[in-house]
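Next, two complexes with chain A in common: one pairs it with chain B, the other with chain C.
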Partner chain A sequence: MSATAMPEPSGHFPSPLRGGVRGGAEGTAEFNPAPPPPPAPPRKGEESDVGASGYNFAYLDEGTKRMIRRAILKGIAVPGYQVPFASREMPMPYGWGTGGVQVTAAILGRSDVLKVIDQGADDTTNAVSIRRFFAKTSGVATTTRTTEATVIQTRHRIPETPLTEGQTLVYQVPIPEPLRYLEPRETETRQLHALAEYGAMHVKLYEDISRHGHIATTYAYPVEVAGRYVMDPSPTPKFDNPKMDDCPALQLFGAGRERRIYAVPPYTRVRSLDFEDHPFRVQEFTHPCALCGAEGVYLDEVLLDDAGKRMFVCSDTDHCEGRRADGHVGTGDAI
Partner chain B sequence: MLAPGFADPVHDAQATFRAVMDALARPGLPRPLTPGLTPPAPLTPELAAVALTLTDADTPVWLDAGLAAAPAVAAYLRFHTGAPLTEDPAEAAFALISDPARCPPLGAFAPGTPAYPDTSTTLVFALETITAGEGLCLTGPGIRGTARVALAPLPEGFVAQLAENRAGFPLGVDLILTAPGRVAGLPRSTVVTEA
Partner chain C sequence: MYVAVKGGEAAIDNAHQLLAEARRGDPSVPELSVAQIREQMALLVDRVMIEGSLYDPDLAALALKQARGDVVEAVFLVRAYRTTLPRFGASVPLETGAMTVARRVSATFKDLPGGQVLGPTFDYTHRLIDFTLAAEGATAPAAEAEPHADAATCPRVTDLLAQDGLIEASPPDEGAPVGDLTREPVDYPADRALRLQALARGDEGFVLGLGYSTQRGYGRTHPFVGEIRVGEVAVEFVPEELGFAVPLGRVRLTECQMVNQFKGTGAAPPQFTRGYGLSFGQSERKAMAMALVDRALRAEELGEPVTSPAQDQEFVLAHCDSLQATGFVEHLKLPHYVDFQAELELVRRLRTEFERKSDSVEMQEAAE
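The block that comes next holds the complex of A and B.
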């Protein structure tokens, strides 16, 4: 496994989702674009692998890592339950993935290969800056290929390539509490989870049906984990919800501003909430990817000009590049 | 003289944590754990590795009778972790158990509260053997279908205690099981039955 060259950030697509990347280039200004120097060999009796930039391995101090690691273990033991943790200030603003970054920093080891995606893409601002952050502070190998990665930090997509047992998927979460927009008080939502009282969530989905004729929630679609806790899958499109169910990879969720960590162990039942007469359905796309011709994948709409010309392409850039390298070709047509 | 801690505190702790994380994420599947520690007996290298990786001043630690009877163990843990030692198992964040056959009932430890089930005790056992593919039947999150694991030695009525622990879910204790060179996990979410 070798590190692949990191592409320069091309333009990124502003996100309409809460907690999304809102800034422009200033968020990445502090990250040196130069490739990180190879880590120095550890000297005996000294904290090893203090990065060339003077940070401990993977930025966080060991006490903070211990605290986060304990929270991760509790999260794994109680799937879907939000474990409070003492979130630290990170050298990036809230909303840029401070929770995911802390979880990644706590689990990352020298032999890991890290991939970071932002809305499925490896080459957008948030993904590039976080990947460089860890390349610089830990010296771990990075990749854009899903199959090569052992740790994948994601903002709001699950890769199209099925994940495997050796992998850990780390989600950046803006609002971890699925009931927050129904009940603003944390003291109350704690009680609702303790009592497994999720009626309000079903009422919300029912109101969708009564207003729109179908469940109109398209992202952050609530799921029930292992038959107990209702969990926010982070603002991934509901298209990705079925991938969480019985997934061979470990899924960890970090919310930095809200100070919560939660987890879904491998091979765990993750059920999207629905009704017998309105079963859960994912989005469907009428056209295949214009670049690689893939069907049954999540597509991004890309505007091409002021006249409203647009095309639909894979949101997962690695999946799309892999298919094109294998000779798959889309129509290239704008719609 | 006090035995040393991890030769490489950052990466040895990370490797131990990843082994424990994988063990709890895939209950009953043992992971290799070779910490290279030489703690005072009856503290085993694997127990010591888990303690050095996960405990600090924020986590009261309870020692079983065998460990508590050896002052060198308390001195070792105090020096390397700074964790306060407690005599009340219900107050402990972690419990280290060197003699599993004489472990107090699981109900003696903290199960957490309904609003905060994470405020429970994590028990770390030093077993003699962990053998995958035979013995107890495990199902639940992290397990594809069914897993089998044989653990020895165990206290009387342990499976019944585990069933009671599971019945209280999401409350309950989590078990980190170590044996020479390996670690396995038994989180509260796992249903354990005799084969």
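The block that comes next holds the complex of A and C.
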């Protein structure tokens, strides 16, 4: 509750800062006046202060960041387990990556270099918008180069360039529960996870095979993490699933609307669910990228005219640009 | 030749400029002031406050102006702002029995202490467009109220019923800390306080539809409006360093006490049960719908079969929030071409296999 029915003259509105209390631990006191928790260990020289934008570093107050970091740590300790967290209402809509944004805000330090991609590209509107948000609220360096980034926030893709130790990949997740479309009730699915009862998922995949001859799941393809929890890899195409396995980078998943965080620590086994006689397979493209000639990468299909002319180009724009800078040339042909 | 699309930044900036222009509309028409919205679109302001979970009429009016009158967008602005506010504690429970009522009606008793007070209501207006309102500048004569003999004492109808034990007792305040669903993730099953929080923030249209569904047999509760009251209530707070309550100000509220039939069980005698609705400002539709759904959600507690959407707390709580709903529905307009490409590939492969199969069937038939 803020101001009550006080007839404050119109035109007077408190600044978003409310006296600058947001940065301090006092400013985030919740209902129970417990002593403030010990400060989280500073990450790469980060200090709690108010940035040039008038907001705390990376927007969220330090108390909220601490709460999110706890959820992240728990997620790392129990790979693939969905940790409930008190997701905040962010200044962008649910569905636009509020979970990923909160995770990134909680882990970002001053020396980090941030890359944001959507559909593999740095220049899609929502990637631009999120990158600007952090540039404005944290002032950290941003990049489009996968190799230069320390934190990469993504929607729907994993970069083609292999990730390395010390990098963190933050996924935006719409529906964190892999069993949700088989069982809509949270009370039920939590129990199924507790009992590692994943029979329904295998039956679903089996039914696909009996009906279509293939597993008809092409994205958000379920994986088993560290031999225990079945996890939704977010709606990345299954093409990207093998990149999650034994990955040197830390992978964090944030679902804002559904209020869940989960994680895959570096070098963790991530296995896509399959059957002995129907092994997991990724998409294959018959053409190389028309711009850089890359094969074995994920491609976007671009329509060029209304007569069915189209072109296949790299979905990962940084990968494509890097290859072209190195002298690789595609045919440039439409198909 | 195709060149990878660039220019997201410029496109966003231009879109924002266009939005600002569209928001202002025709510049030859005078601009709305926030005070005009607050005073003349008061019920809209109330809705933004209740669904935004923040009592601040000026801020809600400004949000409506910024949002071009889009309620959900205005709620969004208020909520995102609310997130940044520090919490310094919970107020003393409001004493709605001490409300300065502007309106108070009971559908269960013809007359009662405090009387029936119609107040400012659309209830008995004839919905004929008043073209005289199109002529600006006219001021309506000030309304004057008759002094009311017992206006000072306006006890709640449910308290009067409770004296005879005809209605279940209000659960006692055990001083337990107040949950806050904006600060902790909801853990199902959620207690009644959290459910009421969710319903109060819930989208008016959604809660209204659910409440309506209970009246049409999907989790029927046999409701009567025990009472609806609208008016101002003092908000008090006990600062730790003082140890006694100090007034913070007054808020305008609408409270609805629904009285519902209950046949009793082997252990409990037949008595009426309660459904409760509370909202900021004057929002009777919301408070009534909320009270209907609150009672429906108590089905399990009262040993009634849970068969309908309005009785199912996971269904109601997970879907009543307009921001969550609009976010997930509207995010479909974000690019999905990576996933769509994956689906395209699958459909093309399945179609090729389908054609191959039907070709071989045809060949087989021709050979026979």
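Please note the rule applied: the second predicted complex is superposed on the first by the 286 of 335 C-alpha atoms of A that agree within 3 Å, B and C clash if a C-alpha of one lies under 4 Å from a C-alpha of the other, contacts with A are read in each partner's own complex, and residues count from 1 in each chain.
Here is the rule we use: a residue touches a chain if its C-beta (ideal position, glycine included) is under 8 Å from a C-beta of that chain, and two chains touch if they have at least 3 such contacts.
Worth saying up front: this structure is predicted, and the values here are computed from it rather than measured.
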Which holds for A:His278: it touches chain B only (first), chain C only (second), both, or neither? neither
Would you check which partner chain A:Pro84 touches, where first means chain B only, second means chain C only, and both and neither mean what they say? both
Touching partner for A:His328 - first (chain B), second (chain C), both, neither: neither
Which partner does A:Ile72 contact after superposing on A: first (chain B), second (chain C), both, neither? first
For A:Ala226, using the defined touch cut-off, is the partner it touches chain B, chain C, both, or neither? Pick first, second, both or neither. first
Check the residue A:His214 against both partner chains and state whether it touches chain B (first), chain C (second), both, or neither. second
With both structures superposed, pick whichever of chain B and chain C touches the larger number of chain A residues. C
Output check: A:Thr125 vs chain B and chain C. Expected answer is one of first, second, both, neither. What do you get? second
In the overlaid three-chain picture, which partner chain does A:Trp96 touch, first (chain B) or second (chain C), both, or neither? second
Tell me which partner A:Lys204 touches in the superposition: chain B (first), chain C (second), both or neither. neither
Check chain A for residues that touch chain B in one structure and chain C in the other, and list them. 84
Inside the complex, what are the residues of chain B that reach chain A? 7-11, 13-15, 17-18, 20-22, 24-26, 53-56, 58-59, 93, 114-118, 120, 122, 140-144, 169-170, 174, 187-189
Chain A-touching residues of chain C, taken from the complex the two chains share: 1-2, 4-9, 11-12, 33-35, 38, 54-59, 61-62, 76, 79-91, 177-178, 180, 182-189, 232, 235, 240, 248-252, 314, 318, 323-324, 326-331, 334-339, 341-346, 349-350, 353
Residue numbers of chain A touching chain C in their complex, please. 1-6, 8, 10-13, 16, 18, 21-22, 26-33, 55, 61, 84-91, 93-96, 98, 118-121, 123-129, 132, 155-157, 174, 184-187, 212-214, 216, 218-220, 235-239, 257, 259, 283, 290-291, 298-302, 304, 311, 313, 315, 317, 320, 332, 334
Applying the document's contact rule, which stretches of chain A touch chain B when the two form their complex? 42, 44, 47-49, 56-57, 62-63, 65-67, 69-79, 81, 83-84, 106-110, 190-191, 193-195, 226, 228-229, 248, 250, 263-269
